[in-house]
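Supplied in structure tokens, the structure appears directly below.
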């Protein structure tokens, strides 16, 4: 449906996950990707929790935002970074489970402004439930010249 | 301006920070609080970064959301937990600095639905800049019986 | 998928459109509905425009918000009104065409808090394009007594 | 605080109100403005209402979004139009009164992306209450060349 602009799009989207310290720190990893979309996941640990034993909204926001940024990143012009302009996330259910899975995709690509969305699912005992939903605006930043 | 509903409001808002594993993990701490507001901070470390050397949007969202939840929590009925319904955060500038400071407050209290807002400032070499701004809807959940 | 709580749900969702002066004023009408969803439309007129000849974001927000409220309204307890708590709308493309069509649905029902979403399409020369996308939080208000 | 980019900024912000058919149709008018901000108002009429006698969320969204766009418009490069990318509005209280007043301002200007916010107040019997609060992302569009 979408056409990448950079022949290295696949490798670069991978780097968005492998080179971001906070994403590595949390344990978020890229599972699959295509032009305009990515899938990612997180194995839930005790340190990811809110005080009530569910995964913290901030973890869900990080997973959804980073995946949405990587989805936009698959369509970025060569050498451009992808930045979040704003994001909204709706917390639909308590996030309980062994694993969070995220699907993120571009809704509307653009030269400088990209609309994206993402869904976060909690997987508990093999059953998957939608726990949060994000919409976010991304932008492409040209490389700084020195 | 606002009246707490629980005589233990101060202690309970403190517990919102001290008992949340993800918030302890990141290093977020409560600095000050009053009825309807809290101030919090985070000493920035390499592990909090996005790939480009700025603090990850997810860290900012966690700081702002958790602080906004605690601001709502200062007005919670006794025994009720505070949950995020939705949040929107606008990333205004690259978050660069040694420290993030957050001010969160209730805009509109309610029996079940509470509107909140929060501002995140990056402190670099003693200078403070607004880097992101959040609005969020919180709700109070009655304790489970059983 | 969803179960209405009020046997008069269909009639009441219709009234959400027929009894709202602003929605009648704009010319928005209900096209179809079911438990948890509605479809609506608007024939575009010159008075709906922004200065640049596209339909004003406020018209799109009204159409999407009102339809999302009616979608939540199909699941409302008897006698309860449906109110918007917050809404976010992303304007994806210039809204050009003879007609706007809206599909709204409940994502997550609840006793007091309901998550909804809606899509607005512009129809021009028989071709339909997604022009905006909304997520909104709704609440049910008990009838006032006294 | 902000520097206009177009010597005709004042006149052009006025045109954002005077030339938009939907804004004229509703009766929204510009009251005051400066670099990075505008104030506007609306005399409430029966046709602006939701079914429950309060001003429709869509009217509030139109007032807040249009004013925020005009606030961004005061800083637009010459010849550029200001477009809404996304907006979020929180409905804090029922909007009851004879008049709505809106204050909108730029939070963070930029060459292509501008963060804005706005507050809507309902004025009833001389008393003013905050009824809704918006944050929105605007963008500047270069004039089309033929």
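Going in written order, the chains are labelled A, B, C and D, and every chain counts its residues from 1.
Quick note on the criterion: a contact is a pair of C-beta atoms (placed from the backbone, for glycine too) under 8 Å apart; a residue touches a chain by one contact, two chains touch by 3 or more.
Everything numeric here is computed off the predicted structure, so don't read it as measured data.
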Quiz item: When the contacting C-beta pairs are counted for C-D and for B-D, which pair yields the higher total?
Solution: C-D
Quiz item: So which chain is the furthest away from chain B, centre to centre on CA atoms?
Solution: C
Quiz prompt | Cα-centroid distance, chain B relative to chain C, in whole angstrom | solution = 32
Quiz item: Any idea how many Å lie between the Cα centroids of chain C and chain D?
Solution: 22
Quiz prompt | Centre-of-Cα separation between chain D and chain B, whole angstrom | solution = 29
Quiz item: So which bits of chain C are touching at least two other chains?
Solution: 85-86, 88, 90, 115, 135, 137
Quiz item: Quick one: in the complex, what on chain B touches chain C?
Solution: 85-86, 88, 112-113, 115, 135, 137, 139
Quiz item: For the complex, which residues does chain C have touching chain D?
Solution: 15-16, 19-23, 25-26, 46-52, 56-59, 61-63, 65-66, 81, 83-91
Practice problem: Under the touch definition given earlier, write down the residues of chain B that touch chain D in their complex. | Solution: 88, 90, 92-93, 107-108, 115, 117, 130, 133, 135, 137
